[in-house]
Amino acid sequence: MNALNDLGLIIGISLMYAAPLMYTALGGVMTENSGVVNIGLEGMMTIGAFVGATVGFYSGNPWLAFLCAGLAGGVLALLHAVACVTFSADQVVSGIAINFLGPGLSLFLSRVFFDGATMTKPIPLDQKMPRPLNGVFAQNSFLDLVFNQYATVYLAFLLVFIVWYILYKTKIGLRIRAVGEHPRAADTLGIDVYKVKYLAVILSGVFAGFGGAAMSLAAVSNFRATLISGQGFIALAAMIFGKWTPQGSMWACLLFGVAQGLVVYLGGTDIRVSSQLLAMIPYVITLIILMSFVGKATGPAANGIPYEKNEE
Amino acid sequence: MKENRLKFTLIAILIGLVIGAIILLAVGYNPLEAYGIMIAGVFGSPKYISWTIIKSTPLILTGISVAFAFKTGLFNIGAEGQFIVGALVATMVGYFWHLPPVLHAIVALLLACLAAGLWGGFAGFLKSKFGVNEVITTIMLNWIALYLSNFFVYWDKFKRPNSEASQKILSSASIAFPKGLGSSLGSFFDAPVNFGFIIAILVAFLIKYILNDTTLGYELRAVGFNKDAAEYGGINVKKNMVTAMMIAGAISGLAGAVHVLGVTNEISILSAMEGNGFDGIAVSLIGGNSPIGCIFAGLLFGALKYGGYKIQPMMGAPSEIINIVIGIIVFFIAMPKMIEGLTTMRSRRKRGGEVERSK
Amino acid sequence: SGGGGDKLKVTMVTDVGGVNDQSFNQSAWEGLQQAGKDLDIKVSYQESHQDADFVPNLETALDAGNDLIWGIGYKLGDPILEAAKKSPDTKYAIVDFAYEDTPENVVGVVFKQEQPSFLVGYIAAKMTQTGKVGFVGGMEGDVISAFENGYHAGVEYANKVNGTNVEVIIQYAESFTDAAKGKAIANSMYQQGADIVFHAAGGVGDGVIEAAKEQDKFAIGVDRDQNYMAPDNVITSAMKRVDVGVYNVVKDLKDEKFPGGTTVVYGLEEGAVDIAPTSDKHVPKEILDEVEDLKKDIIDGKIEVPFNEDTFNDFVNSL
Amino acid sequence: MNNIDFSTKVIEMKGITKKFGDFVANDNIDLTVHKGEIHALLGENGAGKTTLMNVLYGLYLPTEGEIFINGEKVQITNPNIAIEKGIGMVHQHFMLVDKFTVVENIILGKETTVKKGNWNTGHLDIKRATKEVEELSQKYGLYVDPNAKIEDITVGMQQRVEILKALYRGADILILDEPTAVLTPQEIEELIQIMKSLTGQGKTIIIITHKLREIKQAADYCTIIRRGKKIDTVKVSDVSEEDLAEKMVGRQVNFVVDKKDIEKGEVVLNVDNIVVKDNRKLKAVDGLSIELHKGEILGIAGVDGNGQSELIEGLTGLRPIESGQVILNGEDITNKTPQHIIEKGMSTIPEDRQRRGLVMDFSMAENFILEKYHKEPFSHGNKLNHDEIREHAKELIDKFDVRPRNEDQLAKALSGGNQQKVIIAREVTNDPDVLIAAQPTRGLDVGAIEFVHKSLVEQRDRGKAVLLISFELDEVMNLSDRIAVIFDGKIVAVLDAKKADEKTLGYLMAGGGVDDERKQA
């Protein structure tokens, strides 16, 4: 039974790792399908993590906190949209700016709200995100290890489906993709290209904010300066890895999660490998898989190109 | 065009400082005092100036690295990892090898460049051979570099006992200015002034020269602007991608090497990315992706960080305001159109109706 | 250098964690602030954001005319030494670092983190229901190693005196920041049957405590009393009272007894390391009584707590 | 003509002026179109035709002027209003999303969604949309495969999709901007039939074209625009092609290319049974053989998508040749690098000038040395010689009359015609033994076309070989000495240009001969 439990442990860890990445990668999917590159996911995730933890701490309501986290990410994304859509900014530059603003604002506000500390106070278990299947299975049984996850994990999978549905099955999704592929064509058909892009970019921030909150309201229960360190970039990589599709991004995030699960698992066994080399595993695996299976991936045709209406 | 860029950049810096001031004011700090502290913190003593330069040096180099890659159509998020590799190799060469002074430093610098060049070139290779997007590969390589560096620092032959750092480089590998060189300049030489800044400036001009005046630069830019046309014109696109990433990697590696050989003399165990490469991206962008621009942008960045972090101990204002200011500056630099709009608003209003109609 | 005015001026340069790291930097700052209040001294701090900030921060501190400059954390060992050599008229102090040859204007302040670790190890061994306890380290290093070995020794000692056979699972996260990894490792330990996990891993520890909270298992905090992080689950903490160390040295300075040229070792005896005051919430009185006895034995030198692999092996063999 | 209802002015544009900054693209233009009419707009490149139509379609706001639709004054501030007023536009560059299917492209912006009672779910109803599209395509005889992806269908099909897009939105007035530029003769013929059938059903059509013959064939009236000003509106049946050309450029135009008699020399290029695969790994060129002689222009006629692009890329080293051989000047250049092939004496005017031909962010001077930057005198060792590069550019700009006369001008700031001049200047000065010219005049006006044709003939007259690949049958017939017809990746026939006629060629291009052969076999 032990092997099964080990497997359960690895799967459980994978899900914990993957969920925040999935939200953020879905944000990436959203914005880049509309043709706006978003390097600023990391910054949006950070502010989401901070706002989630702060609202969660003061209100005691995790759902409110989760929504506020999305809102905060969305506000940063709005800035990105103003720059990239309205003012045809260089999207990479604006994204990098967001990556300074997100953590900068989070820490600044943290000091203001938490008495100078760059860390928020922990939220009690019963005020964190709920775990819907907690207590249903025997503790540390295979099913418990796999399924006793926070609501944020389940929501992440639900969101994959929702984003997939929106992008490929609905009117607005068709428009988002059209705008990312050929904005002028959409424009000539009377579609408000700017509006569509604004919507997609803001949603990307909302999702990244959720991703941050999935860290600070579920994975742990507080925010500190180092809580989000690189996840936004990993999510970005996962989105490219997943070829700009929601389902592809999901698999990429899960792959990364599994690799982390393996690292933790191997570190707990008697195999004596230096922990530095172990820590490299997820990144090396990603590279190898990219090299051997994935290869060339091209995003939406007009991705990254500012769209300017025909007027001078 | 170029004058406009400079003007826009200066306006963006101004906007950044103004918004920073407003935020400070909003939470109850006196922005004038804060900026006063910053300015005094940078120019208050010759030593501070030399510290600002020292802090700027690696940023200038990683900035040039990112800018160079941009010019060749690549996005080098990997400057961070290449910096780490360069620092690691420079330290190892500086410690394990025994060579005469000057030569030792040169060998350490070159090998660091080579190693980091290969590190960066690997991302270029993956892109040219397998078509893997360099943004993903360099992000992964950053983390691998971090753990690799830690792995070596933990190696008992390399680790300095009783510390969380490597052995120190031999003095023969140092690029510090000879001691007692400039007592005339007051405290300027109290800081670990070294040849790094001079190297950075030389590199900036070298890269500018390579890009604009050599056939290699022509090829790289052609590939950067339009691979298809370059390929059609007989340029080997794949080779150039690898070359471009190698050079970008080498410059970031040099940044790491210069930092070690000039300032820290050792590398320590890294518990997180230090941000030299990520800051380099911002430097490159503020510098308009031009190597010479990176010198000024790097100095600005170094000054903001060095001077800016003094406001917290001096007046208790959160020093994160600096990152906010930098973010705002970069944000507005991204939007020349908006700045143009702001600056021409007045003149437009004068011309009034006519322009309105044609809109 | 005197610094003008009559008030003494003392400042500290933090490690990269910053002054509000909920850990030893913050503890140091609290000690310094206390000293400021009690002893009528002007106190301040300089935050470092990168290793490369240490040297310039020390210089800024020097230029501000401070009488005593603290470096918080072993990472500042070298920079403090260099600065002290350059400015022999200014006094320096360093936390968590011992020089082989300490200059006259420097004081090294080290803590015997292995001692409280030993105590919490003993508590863990006494309280485990499963016969397994865990240790999560951040990244390998002398300080973390002292936590690990002290803890391990405490468990072994308990095994010896109580005839138990409690096992210790040890794993390093290779990070001080990756909270998710801390949680994953702790979960893995709980799944392997451990029911108490001690961490010395900075931000990674947030995840460890979180795992305890979720699984309703026990965790042991570090550096400060971390019970507030999970009041039902953090049974005790291995406290390192950097504030006490800082306060004492500053007081000595004020009293013109600055112990320059020496390394001050703070342990149980000085009250600078201990288990958390909130331990009585979860740890039964009789175990705490035993801990009190252990403290005496350690102070009296009857027990020499090991702090690295070699001393640990010797310790186990001597049991 | 009999469709026209002269009592109804569906479109009246009065005094339209459109300025871009100080530049006047449309200068006080009037245009009247009646119901059921096919109205042609004729003018040189940059005359302002597209601009005028963009104004009508709401993409630009006019600086001055009024528009009436069916007698009612309207403000068309965006395409939605134009669409609402029954105007549909097929743009010069197709506005299709390559990765979408035909149906998705057609319904975009006017999507069919599932409704539950009063609630619009926003869920796309592709099934119903497909049915609607099928019905529409049947009604107007515009057959398309609704579920095919745009990137997989021919240009002719794509155009039908564009027209269907407009009809789907209920357009009564169709604007077609240079719709025939990319079509084969057969497709053009079909399009003209479609246009006539549409006007038969009460639609009105405005067509922009440079091709006088098509105007004669299809249009009822023609408005001529020169440099932003309206010159005249004529009844097409009253004027000759020569009259139209003269009105358009303001001078007489020479339609026939002057060509000395051929002095065919030895074989310089021998293509032997080559196979080249396309992006989808299918054999696009499948056992193709041709010989090219010195001093001749060999035209390759064929419908788009029969392997022309892959042939060019195979010959120039941009795409691997799976089997077979290419011999240039006696040397095997099969699968050699582009650089090697250029060195051996082959130059190319690429079919896509913006993608392959120019580095848009390079100056003209830099673009001129794209294949020779590493050679003396443009560089010495590794160092570029900026003076020489500049001199070279000035020379070519003069010789080929490139405008503006500024070698520092970025290529992207040049008009299409001038971009093409830069490429031709560069390729011709390479002095190649073989010059491949792919679609060298696509989208150019008669003046520019004249220039390009002259350059190609000049090359031939100097004893060089020219391989001309064009979808423009007139061009192939006018310029070539011999014409090879490409179909399905093979050369199906090689004819003497003097003896070839449009009908035979069109028949061969459509695979006619192949079927005959197959029947015989």
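A, B, C and D are the chain letters, set down in written order, and residue numbers restart from 1 in every chain.
The rule is simple: a residue touches a chain if its C-beta (ideal position, glycine included) is under 8 Å from a C-beta of that chain, and two chains touch if they have at least 3 such contacts.
Everything numeric here is computed off the predicted structure, so don't read it as measured data.
Taking B-C and A-B together, the chain pair joined by more C-beta contacts is A-B.
Put simply, the chain farthest from subunit D by mean CA position is C. Mean C-alpha position of subunit B lies 36 Å from that of subunit C. Look at where the CA atoms of subunit C average out and do the same for subunit D: the two points lie 76 Å apart. We define each chain's centre as the mean of its Cα atoms; on that basis subunit A and subunit B are separated by 27 Å.
Computed centre separation for the pair subunit A/subunit D is 45 angstrom, with centres defined by C-alpha atoms.
The set of subunit D residues touching two or more other chains comprises 61. Counting partner chains per residue, subunit C has residues 140, 174-177 touching two or more of them. Under the contact definition stated at the top, the residues of subunit B that touch 2 or more other chains are 147, 150, 154, 272, 359. Chains touching one another form the pairs A-B, A-C, A-D, B-C, B-D. In the complex of the two chains, the subunit B residues touching subunit A come out as 23, 27, 75, 77, 126, 130-133, 135-137, 139-141, 143-144, 147-148, 150-151, 154, 272-273, 278, 281-282, 285, 318, 320-324, 326-331, 333-335, 337-338, 341, 359. Taken together, the subunit D residues at the contact with subunit B in this complex read 19, 61, 63, 316, 318, 337-342, 348, 350, 355-362, 366, 369-371, 373-374, 379, 382-384, 386.
Interface residues of subunit B facing subunit D in the complex, by the touch rule stated above, are 212-219, 221-222, 225-226, 228-236, 357-359.
On subunit C, the positions that touch subunit A within their shared complex are 18-22, 26, 140, 169, 171-181, 183-185, 187-192, 203, 206-207, 209-210, 213-215, 228-230.
Those residues of subunit A that touch subunit D in the complex are listed here as 169-175, 177-178, 181-182, 184-191, 301, 310-312.
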